[in-house]
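Each chain gets a letter, A, B, C, D, E and F, in the order it is written, and its residues are counted from 1.
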Amino acid sequence: MERAELLAAVVAACPTAAVDAAPQLPEAKVPREAFRPLMERLKADPALAFDYPMSMTAVDWPEAGAITCVYHLASMAHGHKIVVKCDADRARPEVPTVSDLWRGCEWFEREVYDLFGVVFTDHPDLRRIMLTDDWVGYPLRKDYRDSRIAGKPY
Amino acid sequence: MTPAPLPLVPPPAFRLGAFLWKLVLTPGAALSGTVAPALRAALGPHLPPAGVEAVLALLCFVAMSGFVTVTALVLTLAERKVAAFFQNRKGPNRVGPWGLLQPIADVVKLLQKEDTVPRAADRPVFLLAPFMAMAATYMVLAVLPFDRGLAVTDLDLGVLYITAVSGLGVLSILMAGWASANKYSLLGGLRSAAQIVSYELSPALVVLSVVLFSGTLSVQGIVERQAAGWNLWAMGPMGVVGMLIYLTAGTAEINRAPFDLPEAESELTAGYHTEYSGMRFSMFQLAEFMNMFVVAALTATLFLGGWQPLGPLAALHIPGYLWFFGKSGAMVFVIMWFRWTFPRVRVDQLMTLEWKILLPLSFLNLIGVALWTALGMK
Amino acid sequence: MIPGISLGQVLALSAALFCVGLYGVVTRRNAVGVLMGLELMFNAANLNFVAFNGYLHPLALTGQTYVVFTITIAAAEATVGLALVVSMFRARRSVLLEHADLLKG
Amino acid sequence: MTLPALVFYACALGALVCALLVVSSRNVFHSALFLAGALASLAVVYLLLDAEFLAVVQLLIYVGAVIVLVIFAVMLTAKVGLSAAPQTNRLALPAGVGAAGLLVVLQRWLLATPWAQAQASAAADRDPLAAGSPNLQALGLSLFTRYVFPLEITALILFAALVGAVLIARKDRP
Amino acid sequence: MDSPAPNRAPQAKDALKTEEYFINMGPQHPSTHGVLRLVMRLDGETVLQVVPHLGYIHRSIERMCEWDVYPQLVHFTDRMDYLSAMSTNWAYVQVVEKALGLVVPERAEYIRVMVAELNRLSSHAMWFGAYCMDLGAASAFFYGFRERELVVDLFETLCGQRLTYNYMRIGGVSKDLTEDFAPRVRDICETFKRAVDEYERLVSGNVIFRQRTEGIGILSPEKAVGYGCGGPVLRGSGVRYDLRKDDPYSVYPRLKFDVPVGSRGDCFDRYRVRLEEMRQSVRILEQALEQLPGGAWMADVKAVRPAKGEYYARLETARGDMGVYFVSQGGTKPYRMKFRTACFSNLSCLPEISVGWKIADVVSILGSLDVVIPDIDR
Amino acid sequence: MSLINLTAYGYAGFFFLAGIAFVVGGLAAAWVLRPSNPNPTKLDNYECGEVPIGSAWVQFHVGYYLIALVFVLFEVEVAFLFPFAGAFRLWADPWGPMAAAGVFIGILALADAWAWRKGALEWL
């Protein structure tokens, strides 16, 4: 599916999505309520058939007070790719999980939880994955400071 | 100018070889069944019979300990060299010429290692396990027939004794595995025990078939019976099958690769001797190496005629113990060959192999040998 | 027969082993321990057979033949007994005999 | 004292001490090891009593096989092996007294019996089948001719034991 | 964990329930290939659950990337998948080049293809050795290393490093090929053609090897895709998906090669796919050598300041789908850098596909996934 | 006097002690040379660098026990067959004993077949 078609389909599925065909990959930014239905649609709709979780991560935007979860999805059958974004409130970051749709997202989400502190609701096994269980803070947040590395990266 | 004709003096290497050959031949003739009677005769007038036997026993102990030490050193080096041969590399080559002194260096290293006992361990059992391992091995070594009349002792029930005593080694493994209070050790020990006991059966049945064929249980007697022809072919097709079963199951019984599950390092780190260090560990290792030699030697004894020469080669008058060591060495090489070429089998596959293939096969083999013998007796 | 040892002495050893085994059977709380006591008693009996054979009929093997059979029976007893212990452990999570009231219903 | 007598005393002592430890040790695993010791000592006694085949079979079956089975059973029920609780029940004292009493009675009785007389009249009833053959061959000759029937019965018993044991051990909750 | 039922091993059948217990495999364990810790819940030797614990060598590379300018970040990528560092280098420079809209000289593209394929060869050869080692075939380890050595030596002359190459640059490669590069690559191609055949002869047909790998750890195609697996793990499950063909980059469209796939998704299929990939890499190398153009090996790069925006690019490393995502605010340093590594996703399926198998099979399955721990932990 | 050669067995028994003496020798030599610096961490059980979870003396799977169980019965069978094999050549007419042994083996083969079918030979 071409970019425009793809994004049209996304908008059809989720009218609140802000789509953008300009960047490198077609992109759709959805509010949190619409996020989960859209993802289900992306997986289930045979015309879209996004079955491959390419990547999933988050970006911290302290000024905007948001942590943006970024999902890169691909379709094996159609060969198209899409970026789905969903903002989480930085103060109380919560995003519904999609690990039941793409099992690979289970660990991706754990990593984001570990390093950004985003809670994925209904995630089956939300534990820290890289850091120890008693670690304090979320190292990939922009305001994270660690006394051991503070000020001096190396 | 023509070059001067070469002098007809054998090259030094040849002379050295001839000298060594003489050196080997001499004790062979002397030891073959003459040492013990001579000593008995010499000591008889001076000591009570028990004293004579005590002196002899002590001599046997010293000789056997020397033998064990030397064999272990040679086998460790051989193992590494064979491994290197199979792996496109040189193996030990720094200590001494061609790395020949490497085992000495190993021993020195092991001697200097700290001897740790885990806090949680069952201390007395933990400390005793290596003793048990070595004692069981020594008891088997006592009946190995190195040459005609050259064995520590020749029992009427020789091979049955071997079967019984080699089963004692399993106790040491269970002791070590239990006492270490370590999961890998316990799992390794249990696996090992199950494996050893399972693989005791088919060698026992193969030994039975040899006993049936030879009509004697004495190890020396079995070798004597093979003067006319080695059991390998004297027993017909059953000889070959029996030897293959014996060698396979023997390899499994001593926990060598590809059946080295008890110490499968990719699963259980080091199995039952995970917690052992230094000399205590090396005693297990030593017992394992000696067991490998014992299996090789018994294969040679039961099927390849032990110290008997190969028919037409009897005219060469090669001493029997050289035949024995040659055949055992060949079998040792085969066992090492197994180890360095095969992947490790999985534990349930291992059990399947014994209980569903080897055991029925060795029963059939036994029946075949019985028929063969009964038909041949007329 | 053993030179210097009378039949009575061998039988005394056997009797002592029997009593020790009996004590173990009666007192052990652990079912495996009880079975071990039983093994001791079996062996005391075997020793008797062998001793009588060795001392009184040294040229016949009747006693020894008997012992071959009793060893077999003992082995069978041990396997079944230990299987019972294992089964009991599964059912009760214990091998202590005071917990073995399966028949009390 | 002759050397065999000395060996006998040593083994008798070993067997007795091991047996006592079997019934008194708190750790069941240790008990099993002591049982192995006691049975191995008895094997030596068998040997002294001219029963060489039995001696080796004792090693083969008891020490090599039954003990392994016992140890496996201990490991299957391992927690018990660790408990610091006493391994004896409240019958310990009366049972001890009873066993000791029985022992005393037996010993008196045994030592009072005129064994020397019996030994003197020891039958020279040589087994015709075993004439001139070593121990094991003689046993083989008689087992597979005269005792064929008990032999096959034994096989059936082993069969039954195997079936029973496997069924019992595998059975899940009652 | 959802129901593991469809993937249960056939052996684990009836309900001989005993106490379950836990065993640690790792972090210091011979077969976890680094510091990975697997906590296994076992019933006997049957695995009921595997819980991987990661992060033992987490270095927070993603955060460190935020502190450095773009050209300085290449060396971080060396330290992720250190066994195919050329590909990880490339994955990073590729995305920055895309962000800059930089056209890389054709020669540089060909050089990149060649070093990446060489690196794939060395990585797979090493994997072959390590996997056989996991299965207990110690000798095969050295066969894999023998061939890998040629590649590593070549890289050493090319860029001075044997493992962490730091060879790629934004806009090209750091140095041109050496004089002897072409003949040595031809030599390597010939060697690998023979070597892969030798691997097949030595290992593929071995009964024990087949028993340890066939039907073990089956990963269905749907599962493989759902877990985001890539590379040989994905293709072993029968999904014909190779980024070199399906999401083409660089000059791969000009090169002819096949994408091998498995049929059942078991360990053996993953093994076969990797061996076949080595043959295909040789093909690619030969064609790339033929087509190698002259000219510059480095573009003229002025300043690396990608325009504000987000960029994602991926390529096929030896282990699978490596994606790099970064957010630029227009400066000289990335605002956020994310490496989506192949091993992270490939390992994530381990808990599911190892349930119901034996401990030994977990080793086999883990080995067949070919994980490099620093690549997971980053 | 003994019917059997006790001296021969004496050597065998002595070699049990000899094995122990050998280990004593080796350990004594090591005792002279080896260091001893225990510390609490060193004396911990090895569990791949982690603190062990629970005791190692957990209750094990019944599969091990079943294997040992079948083994004991076969070991008894082997013990019975040794006299048969030893005496085989002494029989003028071995067919009778062979039949006896055949029945004996046959019954136990049935037992084996039963155990096989019941899955007692399946590993864990």
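Annotations for the structure displayed:
In this text, contacts are C-beta pairs under 8 Å (C-beta built on N, C-alpha and C of every residue); 3 or more make two chains touch, one makes a residue touch a chain.
On a predicted model such as this, the values are computed, not experimentally measured, just so you know.
Contact with chain C and chain F alike is made by D.
Fewest steps needed to get from chain A to chain B, stepping only to touching chains, is 2.
With centres set at the average Cα position, the gap from chain B to chain F is 17 Å. Distance between chain C and chain D, defined via averaged C-alpha coordinates, is recorded as 6 Å.
Chain centres here are Cα averages; for chain B and chain D they lie 31 Å apart. Centre to centre, using the average C-alpha position, chain B and chain C are separated by 35 Å. Of all residues in chain D, those that touch two or more other chains are 4, 48, 50, 52-53, 57, 60-61, 64-66, 68-69, 72-73, 75-77, 134-136, 138-139, 143, 154, 158, 161-162, 165-166, 169-170, 172.
Residues of chain F in contact with two or more other chains: 3-4, 9, 47-48, 52, 55, 57-62, 64-65, 68-73, 75-76, 78-80, 82, 84-86, 88, 90, 101, 122-124. Among all residues of chain C, those that touch two or more other chains are 3, 58, 68, 71-72, 75-76, 78-79, 82-83, 86, 89-90.
By the touch criterion stated above, chain B contacts chain E in their complex at residues 83, 86-89, 183-184, 187, 191, 257-258, 260-261, 264-269, 339-349. Residues of chain B that touch chain D in their complex: 50, 122, 125, 156-157, 160-161, 163-165, 167-168, 170-171, 174-175, 178, 186, 190, 193, 197, 200, 217. Chain D meets chain C in the complex at residues 1-2, 4-5, 8, 12, 15-16, 19-20, 22-23, 28, 31-32, 35, 38-39, 42, 45-46, 48-51, 53-54, 57-58, 61-62, 65-66, 69-70, 72-74, 76-77, 80, 86-89, 91-92, 95-96, 98-100, 102-103, 106-107, 110-111, 113, 115-116, 118-119, 122-127, 130, 135, 138-139, 142-143, 147, 150, 154, 157-158, 160-162, 164-166, 168-169, 171-174. Note for the complex: chain E touches chain A at residues 1, 54-55, 58, 60, 62-64, 67, 98-99, 222-223, 225-229, 239, 241, 246-247, 309-312, 314, 321, 323, 325, 327, 335-336, 338, 340, 344-345, 348-349, 352, 377. Across the complex, chain C meets chain F through its residues 3, 58, 68, 71-72, 75-76, 78-79, 82-83, 86, 89-90.
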